[in-house]
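Below you will find the structure I want to go over with you.
The first chain written gets the first letter, and so on, giving A, B and C; residue counts start at 1 in each chain.
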């Protein structure tokens, strides 16, 4: 159905395009373009951007961790990529639009042909971390890995083998690093007894852990549902920078939906982000980590002025007031009690109270609370910034309180307060078999698990699957990831720990480039890029789902090899080659994946056709999706998957966790979402020494740390720390001055961007720049994680990388 | 035959992502320091710290993507001593490298910083409006690259009929200087040309 | 500032000095010939005239270093129709050509002196056009710090100031030569030199006055301008290069004003040729440095409207 509609649209658009194209063509003096085939769409392979005679155009995609999988069309001449273009199917209308890649995809040539490319297998010589390597043969590399892996499994058990979080090769089907449990390495490990897994991601760990306590899941309305709303309220949601490409489709969707709905956009964010620039009508700067205080004050306004949706709260929710609390819970723990000052702290959460904490003036809090409550429907959403805090679990659940208080959940034009979704095509995954090891740790806790793995427990450290880990991590796989130094917290401490090879005894890094993490490898294997092999990817671009058949554009560079081949070779040495490959090559697995996909979705093209098409798109045939719509319609028949089946403003599960877990002092876990002042938050006395709150925004020059070493991007968007003119003036700083940003954990050196686009008292170091300490230990690369803390957040045990206190001085 | 091709730019659509800039660099094999298309950031606003620890502000910011505007009154062509700069019948202004003496006078003159010196050849270079693509009926690389469709290209008179004739906003120069073949759709944040409300916030990037 | 701008500084300063010298030389020759006869006037001026040639050639060669693609340099006159740069180069070439013809004629005393005077007048007129063209190059509507009447005024002031002091220095040198080689003529030449130097000193004092009036007015004008680029130029001048600017004003005042006044006084009474010589050399040297600094600042103030 969906596809048929899509094709009808496509034909219509092609005709329209052709007509306007003729006009355009005439205007230009009528070169005979149409004779070359003109425009095409859908099943025909496009040749609109006519290649030169000796060029071929190959469909590919940019596969990194931005949430997009943008199509690229590579012009290849004499075995070299000479030009990069993007999707040319469809038009400029939202719904049939071209999925145009972002600036990073455009720079792909400098990523493929990069001086940092690893050329051949290497082994470490000298101390770990020194960065000294010696070239070895592939045979030696495979033999070493296989024998070390076997030794460590024999000595410590499979729980001592860890596959680290890695997102550098993401979105593919076989050659993919994320989720690590779906990578070829996981399949290899599962053939030999399994590995220690992790849960959560560095992107969204707090939200994916916390939000289900409220809703049973972290669902949301699709972004195209903004067309049905009157007011959009965003918290730390920077779609225009975090999800820039057409393959994610969110930017174009956001802009189109804004234009079509005429809705007003309000953004709470410490930074006047690119989203503020493009779509936001009112920017309200807020201090990092104080979202829950702001929400509580807006709740105070709504409750005192009787603007909240009491009927919705009574019928659909648990825990708003004392009349709707679970049994066996003492009085005074409801959200209303908390807000009105009838709870444990006795503090009414007035706008004046919140103004001091959040930086948002009281009158603004009152005005916006009224606006949210009185504008129906209202689409409330958040990015992943507010949750990447020391109190991130509280922040994201608190933000969800606004749509709950105003009854905006489960309706068109409303939302759940969670980051918005989209329409996609489901493509079968590469099967990685079952992991016999049941233990898993939080994504952020591997550092601890190397140090004191065998002491880590469920109650103290969030270990899942077992009560206690049996062994520390002794072997670490790091395929296409920069998390072992750059993207984890406290890079200096991390490096120092990993330099001790008596702790983690073996680190295998499989990479394209010599990253800061690669420098810590014992064995370093050069991977091919996704432009050097066939792949399949799929994604969602607003109301358009798509799948791309990536075709090999160029031969593997240097001695680089595909990950599947590496794993198969190691499997052979471990005696499990047959189990690993099931007799299939990488390309045969791709064919298998398409066949399996077609079993559930017969409209999906067959392998050959798909490869011919390059891209396959399907526009959402129905209405924009609404999270929990059936629950809203009939809560009895369609309960949520929370214990009560309702929206749990008060979560009894969380209340119980608070009473059973070993919780470090200062960590706050509560049944309702509250504002918790944290270490290195705005209210920490440490601010006397380090007065500035530091966040690390996602930057257009990089997807996390991918693309850092691309010259075009480094010049287009240089690494620089954002600072408010008031703070700069106090320090005698001007735009472009070199500064030191420092705290007890480390010191950065980079230029300062003095800009009114960030709140006073807050600075932002764009995250992902490569850690590059000089001889004095000063990180001249400007990696934000040189300054971030290793202490995990309370519930998800996850990375609080936007919670930092620092000082800045002229370098 | 078109009389004057022109760029159209929608301020509200531009997120400052610079896909246009890098697509241009990729298309023309330009080094990172040469940007035939650039994206200027214009921002401003005042901050006040209130007694209670909150703050108020009136911050604004927006981007303007600029290449050569293939002006109707191209000052580069006017001042070029070598007659190396020509304007085609469709309005595209081109530099002939074989004639250029590399005196950089056009660089001094052009208020859009369109002509840029190529250290390798010793001559000037600039946006060609992807004349090869235009001649083949394709969109220029920058226009085809914009994920937000903030850029269009077309016949100036037609674009004016569709979008009006604004061709100057801060921090761009007054249009009367060179009569650029460009149309800008402003948004609520956009400040008029010569405004002093803000400043060019990324001078090193343009 | 890189070598390309230094090339322009050298070219414009040397060319203007050459034009100024040529014209001053002509004026002095005219009066000297009337009072002391052509022979003495020739003796005073011929060697100085020949010295202009190398200065011009040097300046023109320097200009080539400004070009990224000097192999195409011949194309620089391809757009006389609309480019002041083409006009400048054309004027420069013509000035060199006609000037050389005149110098050759004057050296070999070819044709009548009336004819030679006509050629000289033509060359001088071309020189004026050259300096005017030079100033017009910078009168770009997109360069507010340059696009003022101060540019041609300053260029012509520099032309005549350097011309006067260069000619003065040349006379001193010429006199020393005459003293050695043609002692019989030394007395007359000495008188001519002193008399001329007085006028040249007076001229330089007047010209420095022009500088000292125009420059503050110019800065005040830029500072009060609505155009941001003009204000930026003031910041460059008073901020980044404030010291250079101050020094430039002091030097030109010292060189042309104070030394000029001394020159005038010492030239008024005979017997002080040695002091006179040193003063003339010093004034020329100091003013040359001041003018080079001034031109450096001129280029540093290249702030363009727009991006």
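Quick notes
Note that in this section a residue touches a chain if its C-beta (ideal position, glycine included) is under 8 Å from a C-beta of that chain, and two chains touch if they have at least 3 such contacts.
Predicted model only: the values in this text are computed from it and were never measured.
Touching subunit A and subunit B at once is no chain at all. Just count the C-beta contacts per chain pair and the biggest one is A-B. One finds 33 Å separating the Cα centroids of subunit A and subunit B. A straight line joining the Cα centres of subunit B and subunit C is 40 Å long. Taking the mean of the C-alpha atoms as each chain's centre, subunit A and subunit C sit 67 Å apart. Of all the residues in subunit B, the ones that touch subunit A in their complex are 1-2, 12-19, 21-23, 25-27, 31-33, 35, 43-47, 49-50, 52-57, 59, 61-63, 90, 133-138, 141, 144-149, 154-155, 158, 188-189, 201, 203-205. For subunit B in complex with subunit C, the touching residues are 38, 40, 66, 75, 77-84, 98-105, 108-113, 117-119, 121-124, 171-174, 177-178, 194, 196, 200, 206.
Within the complex formed with subunit B, the residues of subunit C that make contact are 4, 66-70, 72-73, 75-79, 82-86, 89, 137, 140-143, 226-228, 302, 304-307. Taken in their complex, subunit A has these residues touching subunit B: 21, 24-25, 27-29, 31, 33, 48-50, 83-86, 88, 92, 97, 100-103, 106-107, 109, 240-241, 244-246, 251-252, 255, 272, 274-279, 281, 283, 285, 352, 355-362, 700, 711-718, 724-726, 735-736, 753, 755-757, 759-760.
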